[in-house]
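In what follows, chain A forms one complex with chain B and a second complex with chain C.
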Partner chain A sequence: MRESLPWSAYAPLVPGLVFLALFLVVPLGATLWLSLSPNVLVRFEAPGLDNFAYLLGKAYYLDVLMRTVRIAAVTTAIALLIGYPAAYVLRDVSERLGSTMIIGLTFPILAGPLVVVLGWMILLSDGGPLIRPLVRLGLTGPLRLLGTETAIVVGLVHFTLPFVVLTLFAVLKEIPHDLLEAARSLGAGRIQVMRRVVWPLSLPGVVSAALIAFSLAASSYVSPHYLGGATQLTLTTLVAQFILATFNSELAAAAATMLLVVMAVVIFGFTKATARAVRA
Partner chain B sequence: MTHKITMTRRAMLLGAAAAPLIARPALAQRATLSVSTWGGVTQDGIKAYVAPEFEKRTGATLAYDIGGQGARYNKLLAQRNNPPADVFFSTDEAVIAGRRAGILTSASRKNLPNLANIHAWAQTVTENDGEGTIAGAPYTLLAYALAYNPAVVKDKPTSWADMWRPEFQGKFAFAAPVHSQMPAFVTLAAELAGGSLDAGFKKLAELRPSKLTVFWTDWAPLNKSGDVTLATEFDYYVETMKSQGYPIDYVIPKEKAIGCPEYVSIVKGTKHQAIAEAFLDLMLSPQVQTAFAQETFQGPTNKLVKLTAASEARCACGARVDQLRFFDPKVFADNRAVWTERLNTEVVPHWRAR
Partner chain C sequence: MIGRIYLALVYLFIVGPAAMIVVDSFNAATSFPSPFESPTLRWYLAIWAHDEFLRSIRTSTIVALAAAAIATGLALPAAYALVRHPLRGGNIVATLFVGPLLVPQIVMGLAMLQLLGLAGVDLGLGGLIAVHAVYVMPFTVRLIMTSLARFDFTLAEAARTLGAGRLATLRRVTLPLIRTGLVAGFTFAFILSFVNLPLSLFLTTPRTATLPIEMFAYMESRIDPLVAAIGALVLIAAVAFTVTLERVFRLRLAG
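Right, the complex of A and B next:
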């Protein structure tokens, strides 16, 4: 039976809880309240949900919402596809080489998203080092990548990949080698070992990595702003546009709340959907 | 009896060493006027042609809060109880919006003696003028016109209607919906389309800009690479580009270019009203405006400014003022929110711009 702790044992939690209450709950509450308030475009008696009805009632804003979810989902899928084999290899290399590879992997995190994205802006520009040689060789016609969803996804995959690999690496490293050898000694081939042993045991890591990648991609501002531009708005760049360009903090708050709700729904839904597989 | 004060060499040295320590508190008490302005040409101009004289006249120093107008305006809105700046550089429309939002305040006319020599056409903000006060100081005149690449464009544009010419579709850098001059294009497009606003928005949706811009550096590299051959831009930025060797020139369309008086006004809640007014007056002085016109191509608003023919040819001044159309900034301020929303939802989705 679990022993109940005395109240004093929870004391170390207090600073963290106060910090969270002050700097997370209070601003979130203020944002929520603002999102229920009227503004220059949507007039109603406060508090009301009219701002949300307005945003969800226009095809343009629905597109922004769908684009945000689509970009985050595609980024997550690609990051997992690339990250899983990388983490698996990393698990088996020598400690020294593994450390070097991890330092290399974490470089985009150390450099920050802005540096990463500025590099991609140079690479993906029309006359840039990536497209120009292809056009010159006649392998493609004039190609445009900057200002497209593809460019945003490229930037986001680059940024989220280290988080995915490191999360998967931590889980894969915990799988005992004995288990794999036992499976092999019982006649399982490499694919079978992977499918029947490694994959099921690494699923909790896959779910965590997917949630991290999705959250980072959906809430990212730098890639959509610099690689997507004015016609590929996502919820984050839409919030910035409402705040900085049209000074409509009420609609900005509503768009920010929508982003929060979308993330909460996806995270809750994904966790619930994968819970059975993870338990099994 | 007299006391003879003698000082040893050591005491003198100690005194000299201590002097900066004594002087420092006095220096710390010097007022600092925080200037909210655009970076680049404008900030450089203030540092070079305004700061030395300002410091001489007031004993105060200048500090800078740099950024796009929207971001700076938003800072004033968010920190209205403790404003991060004392004077604010903006368009005339933003002066009206800022007064309505309660973040800008008036200047006393009697403390702006240079105001007597400012052209009437520059004083586009009148709704907040009180008895003996003025809403802001119109320190320069810019022209928003059509820039083109003369190396590529053989048949140079002559009209705003040329923005729809097929050869420029996909090669055109256009003001973003959030650009300060966008309401002028809504009006111009409506006029070109026959008059109604709805027709104007439809006409704008027929454009195919390849790049949406708020600042000249957004599209300047595309001009160099040949990806942009036509752009809407301020005259002084095009002149800056010309000086830097870009293949660019501009024309005043036959319907007239857009005349843009730029203002500096005082932030409500400033603790430095008097020196803020001194700064405004300096921005209106012939000396400062002459330097701005000669070095940064920003047109003067003071009648006493005398420019050389070469300088006059490169800024919005003299006879060129008649080629500019002055829109009512109050109409822009009244309609911006709704027009931007219509542009974003009805027009931008038709563009394949970035």
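Right, the complex of A and C next:
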């Protein structure tokens, strides 16, 4: 039962919320305002959507937008495919080893994306330990991965995988062993148990893991910058280019707003689309 | 068995790039990335010849300490209010507190840059610290809430009944019992802020560059294993912090 609480029960929330409003919401308001303002490249009278029309009207920038969505979607799919079985196996590992392995998952998160991406630059370089043996054995011709979308996806799968495994593991470990045994003793095969018991029960976890992976991938800056470079711009690296190279604050604001809108649309759409499956 | 092998491969994938950094930091080759030539310590020694890296480590430490302190300080009362009573709209407020996770960091940095520009003020390190604090707050709120969810509030009530004041109860009963969440939240916040690049990208000057920004700037002009040596040091520090954190958790589990 919800008793009516005195206002003082809410008071401790105020400082944190005010801080978020001052240093996140108000600044985002400034960006939104600038995205509607004229600039040296796009001239218009009153506040309007001309910057967005300008970006969407150029094939080059439209490519950047599509690439951002494509990379994030592919990353999400691959991270889920690799992460689901991993989280499932992790569930049967002894508690002691399991907790060590969970800590192991956080190492790349704690080392920071910059350090990890440096490692990928070595691994994916032309003469690196992955490509050179393949070329030597004649399995492939000269292969260039750095500076391609593939390299960005590899980096982002690596970056999002720990979050995906942790999210899926939290849901999978809640499924009681008894339930699986009951299904098995009632004659269900391994595959049937997976398909009819484990998978449906884990769906909420799959949906949140997908949302986390997509948002992380779409908002990542470090992987696209170092593994993709100037020829494979995404919305994040485009924002940086507008600020650091071409000094167009208004177009940077418009690109940033576009990124936020794309993410909001995908998150909202995906949640809506999967709501029924999750509830059933 | 197949499951174990699969898991081992996944961990190899996760740990691989970090291992490469450590190996390459001892590489005598003068370009990066390049095949391993012969082992050397020169890159580690070279760090000390670069004043800008040492200064940036100091800046990063100040920013990360301040951001973690602000985030923990604001998260504690909020988490307490959210866990103590079932508040009307409590779920929505809890979601608001993790909201910063959904905003791309590069956009947070841009937004702060543009607000400061429009307002025509220069906060120095203040703007940078504020953005970092916003970014790490979701982690401190979540970790402290997890700790509070296991806290038996009747203990605090008992202390009050026995005559302890509000402050004494907080200091002698509640805080010690949720220490794990506070320490974990603060440490996690510190590390996440320390290693972050995109939040700071638009908010630093050469004088106020953080360590990741200094690495970024260095790599724009030339790339050699020096950055790998710094990366390896950051990695080792992060591992040390994590192991310490785990010890803290062990202590709690042991009673």
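Methods note: the second predicted complex is superposed on the first by the 273 of 280 C-alpha atoms of A that agree within 3 Å, B and C clash if a C-alpha of one lies under 4 Å from a C-alpha of the other, contacts with A are read in each partner's own complex, and residues count from 1 in each chain.
In this text, contacts are C-beta pairs under 8 Å (C-beta built on N, C-alpha and C of every residue); 3 or more make two chains touch, one makes a residue touch a chain.
The model shown is predicted, which means the values in this text are computed figures rather than measured ones.
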Comparing chain B and chain C in the superposed model, the one touching more of chain A is C
Answer with first, second, both or neither: which of chain B and chain C does A:Ala9 touch in the superposed model?
second
Taking the superposition on A as described, I'd like to know which of chain B and chain C A:Pro113 touches: first, second, both or neither.
second
Applying the document's definition of touch, where does A:Met194 land relative to chain B and chain C: first, second, both, or neither?
neither
Of the partners chain B and chain C, which touch A:Tyr60 in the superposed model: first, second, both, neither?
first
Contact-wise, after the overlay, does A:Gln232 reach chain B, chain C, both or neither (first, second, both, neither)?
first
Have a look at where A:Gly127 lands relative to chain B and chain C in the superposition and call it first, second, both or neither.
both
Once the shared chain is lined up, is A:Ile243 touching chain B (first), chain C (second), both, or neither of them?
both
Jot down the residues of chain A that show up as touching in both complexes, chain B in one and chain C in the other.
125, 127, 243-244
Chain C residues within the chain A interface of the complex
3-4, 6-7, 10-11, 13-21, 24, 32-35, 70, 74-75, 77-78, 80-82, 84-88, 93, 96-97, 99-108, 110-115, 117-118, 130-131, 133-134, 137, 141, 191-192, 194-198, 201-202, 212, 215-216, 227-228, 231, 234-235, 238-239, 241-243, 246
Across the complex, what residues on chain A touch chain B?
40-41, 58-61, 63, 125-127, 146-148, 228-232, 241, 243-248
Of all residues in chain B, which touch chain A in the complex?
68, 70-71, 73-74, 77, 101, 176-178, 212, 221-222, 225, 227, 336-338, 340-341, 344-345, 348-349, 351-354
With touch defined as at the start, can you tell me which chain A residues reach chain C in the complex?
2, 5, 9-13, 15-17, 19-20, 22-24, 26-31, 33-34, 82, 85-86, 88-90, 92-93, 99, 101, 103-123, 125, 127-129, 132, 158, 161-162, 165, 215, 218-222, 236, 239-240, 243-244, 249, 252-253, 256, 259-260, 263, 267
